[in-house]
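This structure is in structure tokens; I'll ask about it shortly.
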Amino acid sequence: MRPSGRQVNELREVRITRNFTKHAEGSVLVEFGDTKVICTASVDKGVPRFMRGEGKGWVNGEYGMLPRSTGNRMIREAAKGKQTGRTVEISRLIGRCLRAAVDMKALGEYTIQLDCDVIQADGGTRTAAITGAFVALQDAINGLMEAGKVKKNPIKSPIAAVSVGIYKGTAVLDLDYAEDSVAETDLNVIMTAAGGFVEIQGTAEQEAFSPEELTAMLALAKDGIAELCEKQQQALSA
Amino acid sequence: MRPSGRQVNELREVRITRNFTKHAEGSVLVEFGDTKVICTASVDKGVPRFMRGEGKGWVNGEYGMLPRSTGNRMIREAAKGKQTGRTVEISRLIGRCLRAAVDMKALGEYTIQLDCDVIQADGGTRTAAITGAFVALQDAINGLMEAGKVKKNPIKSPIAAVSVGIYKGTAVLDLDYAEDSVAETDLNVIMTAAGGFVEIQGTAEQEAFSPEELTAMLALAKDGIAELCEKQQQALSA
Amino acid sequence: MRPSGRQVNELREVRITRNFTKHAEGSVLVEFGDTKVICTASVDKGVPRFMRGEGKGWVNGEYGMLPRSTGNRMIREAAKGKQTGRTVEISRLIGRCLRAAVDMKALGEYTIQLDCDVIQADGGTRTAAITGAFVALQDAINGLMEAGKVKKNPIKSPIAAVSVGIYKGTAVLDLDYAEDSVAETDLNVIMTAAGGFVEIQGTAEQEAFSPEELTAMLALAKDGIAELCEKQQQALSA
Amino acid sequence: MRPSGRQVNELREVRITRNFTKHAEGSVLVEFGDTKVICTASVDKGVPRFMRGEGKGWVNGEYGMLPRSTGNRMIREAAKGKQTGRTVEISRLIGRCLRAAVDMKALGEYTIQLDCDVIQADGGTRTAAITGAFVALQDAINGLMEAGKVKKNPIKSPIAAVSVGIYKGTAVLDLDYAEDSVAETDLNVIMTAAGGFVEIQGTAEQEAFSPEELTAMLALAKDGIAELCEKQQQALSA
Amino acid sequence: MRPSGRQVNELREVRITRNFTKHAEGSVLVEFGDTKVICTASVDKGVPRFMRGEGKGWVNGEYGMLPRSTGNRMIREAAKGKQTGRTVEISRLIGRCLRAAVDMKALGEYTIQLDCDVIQADGGTRTAAITGAFVALQDAINGLMEAGKVKKNPIKSPIAAVSVGIYKGTAVLDLDYAEDSVAETDLNVIMTAAGGFVEIQGTAEQEAFSPEELTAMLALAKDGIAELCEKQQQALSA
Amino acid sequence: MRPSGRQVNELREVRITRNFTKHAEGSVLVEFGDTKVICTASVDKGVPRFMRGEGKGWVNGEYGMLPRSTGNRMIREAAKGKQTGRTVEISRLIGRCLRAAVDMKALGEYTIQLDCDVIQADGGTRTAAITGAFVALQDAINGLMEAGKVKKNPIKSPIAAVSVGIYKGTAVLDLDYAEDSVAETDLNVIMTAAGGFVEIQGTAEQEAFSPEELTAMLALAKDGIAELCEKQQQALSA
């Protein structure tokens, strides 16, 4: 029934490539099928002005798409001088979710900037970005621990993200573009490996969705997140 | 237990004042306790370029806060030349939710712009804005129907919005600023009068929230929305 | 002769409501007939960098219009990322005039920001804004004096503002939109309660105006200002 | 008494050089003492969109200062990406005043853009700019008439501008920077050669000014304008 | 002598991977050693307004760097709302050079947009970008020819780009970052496969360079370009 | 053969007027025929943040054109809020070239800002700007030396700039607009008085240019630069 022939509870092929570029403290290419995002983690000593002196760290997110990562070329935001609302929204989401994964006291006064740049889009770029950014973040933190700058792992719990939706009346996991562009409902779920919710964002594209549909989507998301968290750990221990 | 002395399932006092200003086709002052938002609906013949010729209408939302609507004065976005990410996000949310309430074919080639400007903030400005904007939208549409420009009511179902959250470990309805600023979790729920979900957005501010907490919050939201939809109908029939 | 039926030397009904919103140190809703402006005064310890260490205070003004405060919706300046020239001009005027009312040495190193936001426009928004801003400023200053932070009232003289113009060949006081949009000449006059000029700005919209017309307009303005200053004092002593 | 040794009613030396640069339809270097402004008039067929089809012309003004036209270098507005409020205000003033000099019906559907760029500032740049821009405008219009594109002279009356002020308690004409920077009151007056007011803008820099002071300043301005209009005609007939 | 151990006339390892992403009409990953740039070519029917109706095509270039493509993270230009001068300069260079390779009449009214995004920087990003962009352009043009939309190959001559410089007193080819950051002179050369100059840009970083040094650098560039043009043809025929 | 009747190796008439405006520490009007540029040098104590404490100076360049310095009026960059790519490029070029002329250690912690504003353009504005800016820079430095703030002349070598090109198949010196707009190749050369290259930038406008053409152009440039350096010294010793 799905354009890709997948089962309703089947993720796309997920690949997580660490050390994708050489300069960043964490650098990951994450692929959810044909969706490909470069996630880098950059570590800086110090924190933004409004947080100084509290002994806490900070994590921030930024998101972008290469102009031709999509079917039709998008205007380059840097050339236009303005990010779209969608870009701003996703940047904020990435930062908020990854901050939720970190014990800022344990991190200490370091800022970790997560840059998620989509080089090829096929639906689910924000969930792939968050899932990959977690691995880049862990890599950067491992570096800080190896250097003795951070004593104890400040990660409270791994997190991952996946989209679920109602496609032709049925709840499905990890929508690709062919599904996403016609889905009745789209729900992005970000959870900890321990099964707690970090963020949920669901939108009825056409008709309102029912409590039963919400329940069905959340069940799919829970299993998908568990699978993604496993992939993350496999990559990190490779 | 709540700073305001309210029950966990108790809304703040809700007031909806129609015809608050004289120029707009719909103009509403909505108050959720001390949160006060002016919502206006402006009707224009025609639709944005990308929709022309399809015989469908369009609804758009914009949100703003007066600089001193809050405890500390905020920088005026117009003077700075840039809206904050939060403003962009809420503007997009308002437009998306209200569009979900309208049958665009039945509206025909009219654009309705909803401006929600907060004159006093005490938590829940976005949910008050959406709840008030629906009334302004209905007023504007009634005007179009009275003028014979729209034949049949294009509203598919009334919608309203409310926030729920986990405050000191308990699910509570319609958080005010005193609660919102320390809540562990904040969930905005937008539903139709018929009980369908239009949008849900939930964020764990500190710790991830559990499925049981989500269920408790959604139950509160459902009853709160029903009450708000009643208030809307009372205002519209006054 | 006037569309409103007023006498040539008759102000519109003027209402000044103090404590209109709850957060600001001074908050006034000023109404000149159907023109309605929210004026808030926000107090901050300290002054802009270029004034530090001189022991003097600072007063600044900003002006805005809600997008649908007017007959046709205006583009939201914050969304466009640019204030119009008119907005910039009026913001500067408000700051300049209110600064003229204050003995900055007596105020000491405090900054008072005056925000004037038009919620409904019917001509004369800048003069209503200045007249209301004075009351908000006085309220904020009274608070500083009550808190013992300012010793002696730094107001040199109350000020108020009114427009005068040549409408169908006759000098008239306090033009509303119906008059303003067709007036041959428009003159904004800002004066102290003691009868001194703080600022005058007059523009010939069609034909140049004569010295005699100027004299007639200034006479009307003088009486109008006196009346407005009385209204301010009534409001402040209520 | 005046720093320059001038009489209170004495203009600085005024020089008006036509054809200062070669590309513009009108190009004037105007000098009020050490204040030097290049004023060009550029003619375009057609008018802005909002005026099309009415058979009327349009005149617009823009103002700028070279970064080191002043004692301290100012930030280049083009590099900063933003004009100051003062620049916007003066640009609008120039456009408004010169429009008042033209019968737009007689001009027909042409747009004349007046650019006033200060190359050396010593007080009174805006009044020099307006006085010079009139000559550039007349030159451009003469070109249109010679080419047979405009039938009859659309200038209703020549206009000129001068500043007056209260300096050390006395009304003086045409303030230079040494006076302007300490004047108690500064009044810019724009009048027709026939003695009508086009615009007046007066600001009390320190203390409010009295009706008597206003009268004294206006009298000086009237004579100064008459002299400037003569200079313009001499330049145009040279 | 060179940090990399290369000969003075030795290019870094050059890799050109076609079809690197799936949406663009031409998509190339070009690598000059550790410098990695994604070059995409996007085809649109039509040309910019100022060229319409001439029957000619248009080619444009844009350049960007991922924030952490470099040793220290750079501010994201889209977030800042402004491209750096360097980015603007390189974007213009890319467009100008690639336009020089195309017979616009033979292309017909198509616009080809070349986006060059650096994912890893190690010196010579602009020359890698131009070299890769040519391959993406050829791929896009081949697509147009296969579709019968363009009759004859509009490429006048292949072009490629390389940097040369004076490093520790000696002319060297294809500088990497370790050389570039200390080189006395840096010269970017863009040539046709036939040996003509398309563009040369040379800058003395410390001391002026001599005609003899220029001659030596140009000789290295010529051979380097020939080698790069071969690599391009190998990639295109793979 | 040249539109102006000049020999291929003949400069336009070059005039360098010092002390053109009164406020700047160096102020030069430079004219290459009908191309006229005001170059000012502004001296500030201190250097940009990234250079502090190194005991070195800094030189920066900015370029602009008056809107009607050209045949068709250009949009005012300050009004548009954005400099064109060409403006940014030339500003960077001016700064880079003049920095190459200065021993920053000998200058000490002063910043010299060079503003080059074109008041009339007829081709070669950037080369005229650099040639004039050098004189303004020398004047400003002479002032610092006279004031005892700089001990020894920090100018390493005078520099000047000229354009050369291929016009109708022949190499020519110092192209005016009539030549520049149709030239096959345009090469800007910046050299020291001692004959070293500071910067070369050459672009094939239509067809690639040959090594022989490059040699011919460089020979013309060398002699032109020598002549310009003489003119600079004559002006400085006048």
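Each chain carries a letter (A, B, C, D, E and F) given by its place in the written order, and its residues are counted from 1.
Quick note on the criterion: a contact is a pair of C-beta atoms (placed from the backbone, for glycine too) under 8 Å apart; a residue touches a chain by one contact, two chains touch by 3 or more.
On a predicted model such as this, the values are computed, not experimentally measured, just so you know.
Common neighbours of subunit C and subunit E, by the contact definition above: there are none. Separation between the centroids of subunit E and subunit F, computed from CA atoms only, is 28 Å. The distance from the centre of subunit B to the centre of subunit F, with each centre set as the mean of the Cα atoms, comes to 59 Å. One simple way to say how far apart two chains are is to compare their mean CA positions; for subunit B and subunit E this gives 50 Å. Under the contact definition stated at the top, the residues of subunit A that touch 2 or more other chains are 81-82, 91.
In this entry the chains close into one ring whose order, counted from subunit E toward subunit F, is E, F, D, C, B, A.
Residue ranges of subunit D in contact with subunit C, taken from their complex: 85-86, 88-89, 91-92, 96, 100, 157, 191-192, 194-204, 207-211, 214, 218.
Per the touch definition, subunit E reaches subunit A in the complex via residues 21-24, 27, 34, 36, 38, 40, 42, 44, 62, 64, 66-71, 73, 76-79, 81-83, 87, 91, 113, 115, 117, 119-121.
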